[in-house]
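Multiple structures follow.
Shared between the two complexes below is chain A, which pairs with chain B and chain C, respectively.
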Partner chain A sequence: MELLEVKGLKKYFPVKGGFLSKTVNYVKAVDGVSFNVKQGKTLGLVGESGCGKSTTGRTILRLYEPTEGAIYFEGIDIVTLDKEKLRAKRKDMQIIFQDPYASLNPRLTAGEIIGRAIDIHNIARGKERQRRILQLLDVVGLKREHYNRYPNEFSGGQRQRIGIARALAVNPKLIVCDEPISALDVSIQAQIINLLKDIQEQFHLTYVFIAHNLAVVKHISDDVAVMYLGKIVEMAEKDELFLRPQHPYTAALLSAIPIPDPSKKHSRIRLEGDVPSPINLPPGCRFATRCPERTSICDEVEPDLIDIGGHMVACHHRR
Partner chain B sequence: MDTLLKVNSLKTYFYTIDGVMPAVDDVSFEVMRGETLGIVGESGSGKSVTALSIMRLVPHPPGRIVGGSINFKGDELLTKKEYEMRMIRGNKIAMIFQDPMTSLNPLFTIGDQIIEALVTHQDLSRREARDRAIEMLKLVGIPSPEKRVDDYPHQMSGGMRQRVMIAMGLSCRPDLLIADEPTTALDVTIQAQILELISEMKQKMNMSVIIITHDLGVVAEVADRVVVMYAGRVMEYGSVKDVFSMPLHPYTRGLMDSIPKIDVNEDRLKSIEGTLPTLTEKFKGCRFKDRCVMADRVCHEEEPPIVEIDNRQVRCFKYI
Partner chain C sequence: MEAKSIEDVRELATEDIMSPWKLAWRRLKKNKLAMLGLYILAIMVLLSVVGPLVSPYTMEQMDLSNIQSPPSLAHPMGTDEVGRDVMTRLFYAGRISLSVGLFAVVISVVIGSVLGGIAGYYGGFIDSLIMRIVDIFMSFPFLPLLITIAAVMSDWKVPPQYRMFVVMILIGILSWPGLARIVRGQILSLREQEFMQAAEALGIRDRRKIFRHLLPNTYASIIVSATLDLGSAILTESSLSFLGLGVTPPTPSWGQMVQVARDLYTLQMQPWLWIPPGICIFLTVMAINLFGDGLRDALDPRLKR
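What follows is the complex of A and B.
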C-alpha cells in the first residue's frame, strides 16, 4: 500500500530585489517532483547540495507551503488541509533533523523535550506520560538518568537519539530523516543507522531518507531517487540503481565516491564545470552543462522522467 | 627518499578550568619528500591540533606544546622565534582549511589575497605577483583566470573557493602542504576534482602533503601512509596498503567495519559502541578500552606502548 504519494511537487522561493523589494525572480528549489513510498519502506533521496532534497523533505510535511502539486498521505491530499486538520495529521508525520545541536531546545531537559511532543498531541498524561518518556529513552538506547539532563550534556550521537525519541513519541507512520547522520562521527554514524533500522522494524515506520552519502543511502533504502537541480533524474529499486545506473549524472556520482580500499582503483568519470544557478536554469536538460554525453537536443528540450523497465530515468539518450 | 618532516613525541595539552586535556599525547611520525601522509581520526582525536602544532598555531591560552620535537628539513621548529616561524608559514609549509568560505577574507578580491602571500614571502613586485597569481589560478583549473582574479570570494562556488585556497597555498611553492579536511564541505563530484588536483599538484611540484580527514575513503585514494589517531594517541601507523588490507588495532578495524560500503550488501553495520572518553591527565589504561570488544583486565590498568611489527606501528596489548 502506498503511504505517501507525491505528485508534481514544486517549491519556488521568491528572490526579492530592486525598488520596493518586488519579486524579481524565483529559486526553483523543487521543480516538479513525483514519487511514491510504500508502507514500511524507505525511499532514499540523494543529490548534492542545492539539489532540493531537503526542501522536498520539508515540503512534504508542509513545513514549507508547496507552490504546486499534491501530497497524498494515506490517500488524503494534505495540501488542501486547513491548519487544524494539518496539525492533527502531523502526528503521523515526523522529521529528524541533521544538526542535533541546533534542533533541541537548550533550556529543556531530554525528558521534557520528548514530553512536549507527547503534550502537543495529547498522547498521554501524568504517570502514563512519564512511563512513556522513560520507555522512549530506553528504545533509543539512552538511560533513565538522562531524563533530567540538558542537551549540552550529551554528545552528538546521544543528541540525535533524543531527536529520534522525540519523533517517535507521537507514534508516527512516516519519518522524514533529513541528513540524520551527516553531523556525526564515523564510529557513531553506524550506531544511529542501526538504531533507525531497528525502530523501523519495531514500529513499522516508513522513511524518506535524505542524504548526500550514497553508501549510507544504499544501506538503508529500498528505493532510491537521485535529484539534480530540483528534479529527479533517476529513480529505481536500490540494487538496480547502484548496479545499473542509467543517468550520466548518477554514474558520475557513483564513480566519484572514494572507496576505502586502496587495492580497488576505479575509473572516474570526470565532471567538468559547476552546477548552474537554480535561478537561471538552462532551457534544456539541467545537467547538460556538465554532461559528458551532451548533444544538441539536450540544450533544447528538457527530458521527462520515463520508465524504461523498472527504472525511471530522465535522459534523452536512455530511451 | 629523505625525510622532510619528523614529528617526535609531540605533546600539546590544553589547560582548561576542567583540568589538563592531553589533546595530542606523544605523537610521532615522519613525512618523506614527495609523500602523502594521511591522518585519520574522529573529532577529538587530536588530528587538527597536530597540524596546528606543526604550524605553531595552537591557540594559547589554553593550548600549549609541552614536549617533543618537530624537525623540518633538519631544523627544529619548536625553538623558532615567532618572526622565524612567519617566514616558514605560508612559504615553506602551507595549510588549507576545511571551510573555504571562512578562510578567505570577504572584503578583498581573491587576487589581492594571493598577491599578499607572494609579496610577503617572495621577492616579487605587485605586478609580478599578480601574474604569478593568475598563473596559479590557471594551474588549479579556474576558467578565465585573468578575469576571476578580480572576483570576490562570494562570487565563486564552494569548489572554486577551495581551488583558490589551494592556489594560495601553493603560490610560494611550499615543501609541505597540510590540508585539514580539504573536501569535507564539498559535494562528492567536486571532492573528486579537488583530490585529483592535490595529487596532480604534488607530482608537479614534488612536494609532500599531510591530509587530515575523517573519511577513510579519501585516505585510501590519496595517501601513501596513514596515521590512525584516537583520543590524542597514535593507535596505528603504517602504509595505506597494509593498514587497509589488514588493520591490526581494534579501533582501526572497528572504524572500517562501521562504514557502509557502496560495493557490498550488508544487513547490519558493525558499530563501535560507546563514545569518546573524556580525557584528563589521570586517564588510566588504554584510551580505547571502554569501546573495545577485546579489552581485558590489563587494558583497564595500563596503557599499552606503541610497538613496531611488520614495518608498522600499533598500540595494543594484543601485539605485545
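What follows is the complex of A and C.
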C-alpha cells in the first residue's frame, strides 16, 4: 500500500529585489518531483547540497507551502487541508533534523522536550505522560536519569536520540529523516542508523531518508531517488540502482564512494563544469553543463523521468 | 507503539522527576548573591507592609513639640520639619515606591513582551506597524509630556491618592518600547531556529508557540531589562514627585523624602531626614539587580554552576 504519493511537487522561493521589494524572480528549489513510498518502506533521497532534497522533505510535511503539486498521505491530499485539519494530520508525519544542536529547545529538559510533543496532541496526561516519556527515552537508548538534563549536557548522538524520541512521541506513521546523521561523528553515525532501523521495525514506520552519503542510503533504503537541481533524475529499487546506475549523474555519484580496499583500482568519474543557478535554469537537460555524454538534444529538450523497466531515469540517452 | 512496549517498561518511580521551575529554584538557591538580594527585598516588602501596622505613630501625625528632632528613643529616625515620625513615613513610603516600581514594570513588561513577541513572530505588516508605534513612543519627550500631564491633572483636581496610579501607568506606558525592541529582535532570530520547525511539524498552535517556546527563550533579556527598569521606575517616581506630578505630600515616597536634601541646611545638619530613604532606595535597587542577575542565570540551563 502506498502511504505517501507525491505528484508534481514544486516549491519556488521568491527572490525579492528592487523598489518596494517586488518579486523579481524565483529560486526553483523543487521543480516537479513525483514519487511514492510504500507503507513500512524507506525511500532514500540523495543528491548534492542545494539540489532541493531537504526542501522536498520539508514541503512534504507542509513546513513549506508547496507552490504546486499534490501530496497524498493515506490517500488524502494534504495540500488542500485547512490549518486545523493539517494540525491534526501532523501527528502522523514527523521529521528528524540534521543539526541536533539547533533542533532542540535549549531551555527545556530532555523529558520536557518529549513531554511537550505529547501535550500538543493530548496523547497522555499526568502519570501516564511521565511513563510514556520514560518509555520513549528507553526506546531511543537513553536512561531515565537523562530526563532532567538540558540539551547542552548531551553529546551530539544523544541529542539526536532525543530528537528521534520527540518525533516518536506522537505515534507517527511517516518520518522524514533530514540528513539525521551528517552532523554526527562517524563512530556515532552507525548507532543512530541502527536505532532508526530498529524503531522502523518496532513501530512499522515509513521513512523518507534524505542524505548525501550513498553508503548510508544503501544501508537503510528500499528504493533510492537521485535528485539534481530540483528534479529526480533517477529512481529505482536500491540494488538495481547501485548495480546498474543509468543516469550519468548517478554513475558519477556512485564512483565517488570510497572503496575500503587499497588494492582495488578506483576509477572515479570526475564531473567538469558548474551547476547552473536554480534561478536561471537552462532550457534543456539540467545536467547538460556537466554531462560527459552531452549531445545537441540535451541543450534543447528537457528529458522526462521515464520508466525503462523497473528503473526510472530522466536522460535522452537511456531510452 | 502503545501496544508493543508499554507492558515491558518497568514501573517507574516519578518522585525524582522535576519540573523546570524546580530545577531553576535549585540553581537559584546556590547563588549566594541572588539569595542576599531576595532576602533584602523580602525585608523591604515586609517592613513596608507590617511597619505601619506596628508603629505607634501614623503617617500624618504631627508632634509639634518635637520638630526636627534628631534620632531618639521615641523617634528612632528623628522627626521632620512638622514633627512627623521619619521611620513611620519611611515604611509608608516603601509601600508607595515599591508598588509604583512594581506595577510600572509589570505594565511595561506585559506590553513590551507581548507586542515585541507578536511583531517578531508575525513579521511583515504587523511588525512594521508595531515598530512604528514603538518609534513614536520612543520619540516622546518624557519630561515635557509629564509636566503637561501634571498641569492637566492639577487643573482637573485629580485627588492625590489617584495620582499614584497615574504615575504607575505613565511610567509603564512610556518604558515598554525598549523592551519590545529587544524581544522582537530575539524572536526574529529564534523563529528561524530548527527547534521551532520541529514544534511546527508537531502541529503546535501559534499562541502556544509564542508563549511556551519563543518567549521563554527571551526570559534572560526580559529579566535584565525588567530589573533595570524597576530601579529606574523608583527613581523616576522620585523625580516626578519632585515636579509635583508624582505622589504629593502628605503622602510620602522614598524619592520624595530624599528631595528634602536639596536644602543645604537639611543636607548638612539633618542627615536623619534623607539618609534612611536614600539607603532604602539604594538597597532595594541593588537587591533587585542582584536577584535579577541570579534569576537570569538560574533560568539559563546553558550556564553551569
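Convention: the second predicted complex is superposed on the first by the 319 of 319 C-alpha atoms of A that agree within 3 Å, B and C clash if a C-alpha of one lies under 4 Å from a C-alpha of the other, contacts with A are read in each partner's own complex, and residues count from 1 in each chain.
Note that in this section a residue touches a chain if its C-beta (ideal position, glycine included) is under 8 Å from a C-beta of that chain, and two chains touch if they have at least 3 such contacts.
Fair warning: this is a prediction, and the values are worked out from it, not measured in the lab.
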Simultaneous placement of chain C and chain B on chain A, clash or fit: fit
Which of chain B and chain C A:A252 touches, first, second, both or neither: first
Which superposed partner A:V216 touches (first chain B, second chain C, both, neither): first
Touched partner set for A:L281, first chain B, second chain C, both or neither: neither
Partner chain in contact with A:L81 - chain B first, chain C second, else both or neither: neither
Touched partner set for A:N194, first chain B, second chain C, both or neither: first
Following superposition on chain A: angle at chain A, chain B versus chain C, Cα, nearest 10°: 80
Touched partner set for A:A70, first chain B, second chain C, both or neither: neither
Smallest separation of CA atoms, chain C relative to chain B, angstrom: 11
For the chain A and chain C complex, residues of the former touching the latter: 58, 61, 63, 86-91, 93-95, 97, 99, 102-109, 111-112, 116-117, 120-121, 127, 130-131, 134-135, 138-139, 144, 147-148, 150-153, 163, 166, 168, 170-171, 202-203
Residues of chain C that touch chain A when the two form their complex: 1-2, 4-6, 9, 12, 14, 16-18, 20, 23, 193-195, 197-205, 208, 212-213, 216-217, 219, 299-302
Interface residues, chain B side, partner chain A - complex: 42-43, 157-160, 187-193, 195-196, 214-221, 240-241, 244-245, 254-256, 258-263, 265-266, 268-273, 275-276, 291
Complex interface listing, chain A residues touching chain B: 48-49, 155, 157-158, 185-191, 193-194, 197, 212, 214-216, 218-219, 239, 242, 252-264, 268, 270-271, 274-275
